Amino acid sequence: MRETTVHKIKDPDLKNPVLIEGLPGVGHVGKLVAEHLIEELNAEKVIEVYSPHLPPQVIVLDDGTVKQVRNEIYAYRGKDRDLLLLVGDYQSATNEGHYDLTGVFLDLCEEFGVRRIYTLGGYGTGQFVEKPQVLGAANSLALVEEMKGYGVVFQENEPGGGIVGVSGLLLGLGRLRDMDAVCLMGTTSGYLVDPKSAQEVLRVLSRALDVEVDMQALEDRAKEMERIVGKLREMEKAQMPYDTSGEEDLRYIG
Amino acid sequence: MRETTVHKIKDPDLKNPVLIEGLPGVGHVGKLVAEHLIEELNAEKVIEVYSPHLPPQVIVLDDGTVKQVRNEIYAYRGKDRDLLLLVGDYQSATNEGHYDLTGVFLDLCEEFGVRRIYTLGGYGTGQFVEKPQVLGAANSLALVEEMKGYGVVFQENEPGGGIVGVSGLLLGLGRLRDMDAVCLMGTTSGYLVDPKSAQEVLRVLSRALDVEVDMQALEDRAKEMERIVGKLREMEKAQMPYDTSGEEDLRYIG
Amino acid sequence: MRETTVHKIKDPDLKNPVLIEGLPGVGHVGKLVAEHLIEELNAEKVIEVYSPHLPPQVIVLDDGTVKQVRNEIYAYRGKDRDLLLLVGDYQSATNEGHYDLTGVFLDLCEEFGVRRIYTLGGYGTGQFVEKPQVLGAANSLALVEEMKGYGVVFQENEPGGGIVGVSGLLLGLGRLRDMDAVCLMGTTSGYLVDPKSAQEVLRVLSRALDVEVDMQALEDRAKEMERIVGKLREMEKAQMPYDTSGEEDLRYIG
Amino acid sequence: MRETTVHKIKDPDLKNPVLIEGLPGVGHVGKLVAEHLIEELNAEKVIEVYSPHLPPQVIVLDDGTVKQVRNEIYAYRGKDRDLLLLVGDYQSATNEGHYDLTGVFLDLCEEFGVRRIYTLGGYGTGQFVEKPQVLGAANSLALVEEMKGYGVVFQENEPGGGIVGVSGLLLGLGRLRDMDAVCLMGTTSGYLVDPKSAQEVLRVLSRALDVEVDMQALEDRAKEMERIVGKLREMEKAQMPYDTSGEEDLRYIG
């Protein structure tokens, strides 16, 4: 396999579809939201994307079988519009791969008649975030204005480092194909998987999509996470004579 | 040379062939098993695979001549089924190369009518392993069940990091071509070449293949290795005032 | 997107055009000069170049919208000759990308009838530079002689490390297409964005092009930068008991 | 430029040509020998090879002009056989590039009717070498035997790490095209450019080629180098209270 390949599992006939991207990233915020939506909405897998730009790897599942590392698209049939949800185990391991995969995703958008894209991610602040916000960036001024109405915060030149990976390229390369796209980023420490930040992003997104979603599962994970963070902080205080809160180099726990 | 190229040395007419992959990896467990089989079964080289994804290098042999770094396939004609044994000096040096070479190997499998693949490797535990086990992962539930019958251990979500390289991709990409494939991993420290772990893998494999193989050569290497490990541990104790067993950063010795 | 793509915004009919390259580099000297020229001359954007060799990223602008990372060419219609100004957010992230993008730029030069190229950059000395000089290197002896007339300094085998990236390749690969090209490098510490060095390069360039350019904006930035550098030095003295001038590892401030 | 390109400057009609490769490597031994031969034999440049696998760079010459980084082939018309000498500023910066460029060189060999290749290099011992030897590796047993007659030393499995880069691949991939090739490696510390080691390699090579070459220039460089090494050792002794000979991490001085 030397090229990214698209396996169509079902060929759904979609009305007014919107793409929601939640690939792994900072705090796994986007991934948590998109996977939560797939579960709650009972969305159906329609596409698998395999690529030599993804890590050369299989994942071992609970039952001893394996899954080839891939990206997947699920479809949900809504009242007024259908949703396509893009999730995956990994993003590309190379720069060129991000461009290649984004191109493949945009080709699929054109094929399905997608006119709007939401990309979801986390915005790492380097400090524990008590009340996560949802920062935004969009590829048209009209979309910036619209999103402000849903509580999305736009800050001048933030994120300063730009938006890297598929979440950014879908906006930038989407514009070249006349597709509206907005990136919603939940603020998060960047050190831990953050279901609390994911909740905030989901709240904004469900308002924008006019879709009602039960949040209990995310709520539960957020509470469990807070317990873990609490313990980590206690352990830290016990070990360290001085306070270093906000500078911990914790590893992902999810 | 800009593409992976397949040099056919012989074009064997095979019955029911099974592919056994033993490229270099953790503890060189897979490599030891596959090379032992080639020697004991007196298998015959049928294919050489050259690739720009392998290191740009020749290996110098005993007699002063060189060998271009490559992967090789040997054939053994068994009673009920024939075996193809895939070995080599190196695996790909890039992610994309793993995908490319796996694609080439699967093409050859299709050409030869291979319906089942065994990939062999080591599972690094980070600690010296007294009694190696054989962990498994397979690309179908039926194969998981069958392998349990030969003593293969399946543990939920183990290995946690997935299976990387050709040993993993042959399962994942093999599935996409309707090929059954199982990975057998001998537990090993991961610090040293491990013929003892290789013996365990070979025991399981020969049961599964219903092929009898003399193990003496592996037995001898395992004993020699134990002597080396014993000495290393003594040296260590002599040098270090405190015990660090299980955290040694030993280099490969083979 | 798997290939570098050229988006033509306008198709200008140019007379005697000259290409001026000011992509990001040491001290951002070339970038400062080229962007200053675009602003002062009110040059018009004619081309956007997108490439998978650029970082996979969008930049977030003041108004919350994004810009896909790209290189851009602006056109200015002069009296005797027109100018094309090549600027961008980034240079290629890979070696091969530098070759690919330079090839694309030279194709455009041939299409527009460009016969001469100026590439602009900084020459890092590792020490704060009081009076910046403009070092040169050219792809023909005649051009070396001509440039000496404008005050460009040519030093044997300087820069010793050669000229890396598009600024170098436009000279080297330009020669293979019979295009005259010269690289003008303002000496600079290499630690900070250096508008003072940019002023010197601009002085030489405007003489060579016989174009008058108001320098006030660069002058202002240079003064602001000097204030910042002054403060940094004071802070440094305050913190450090011994003098380390010339070895500071300051980060870019612009 | 996205492909390696061959610029033919002259199209020489050659008799019995032999290729001698002396690209940069350990101790620059091969490069010193090949460049010495070009100068002493007054060989003529016939080919320039440009490649995106070489660093994206120009080199600045004494007169202020630049040279695009490239590999070059020179031709010398001898009595019984002609010589082709392959030299260059750099080798490929990527693994794949080594394969690609070697393929291009072997294509040229086939075109010119080359039946034998000498690749030249250094063999780094990690210690200062008083009396350099010439180690060899060849791609046929007959060639190993022949080379022993010229004083080349063949040691079992040496170099242990194999031969990396074009010097190795010309042997390995050359064999696949039925071309005889031998690598001659002068032992050298690996820390410094080593004209003394180059002299030994040249002695063996000129015997094998039956070509007489004046060695004075290499002799002079070797003496100068010995003076530099002597000084370095004195400085070292002066600075360090304990002896670390053999472990110096000196940078290339040439």
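Per-chain residue numbering starts at 1, and chain names A, B, C and D are given in the order in which the chains are listed.
Heads up, the rule we're going with is that a residue touches a chain if its C-beta (ideal position, glycine included) is under 8 Å from a C-beta of that chain, and two chains touch if they have at least 3 such contacts.
Listed by chain with UniProt protein names: A, B, C, D = Proteasome assembly chaperone family protein.
These numbers were taken from a predicted model, which means no experiment stands behind them.
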- line: The chain whose C-alpha centroid lies farthest from that of chain D is chain A
- request: Rotation angle, chain B onto chain D: superpose the C-alpha atoms of these two copies and give the value as a multiple of 5 degrees.
  value: 90
Message: With touch defined as above, tell me whether chain C and chain D contact each other through largely the same residue numbers, more than half shared, or through different ones.
response: different
Between chain C and chain A, distance of the C-alpha-averaged centres to the nearest whole Å: 37
- line: Distance in whole angstrom between the CA centres of chain A and chain D is 52
Query: So which stretches of chain C touch two or more other chains?
result: none
- prompt: Which of the chains are touching one another, listed as pairs?
  reply: A-B, A-C, B-D, C-D
- line: Listed in rising order, chain C residues that touch chain A in their complex are 1-2, 7, 50, 52-53, 55-69, 93-94
Message: List the residues on chain C that touch chain D in their complex, please.
response: 92, 95-96, 98-100, 102-103, 136-141, 144, 154-160, 162-166, 168-169, 171-173, 175-176, 183
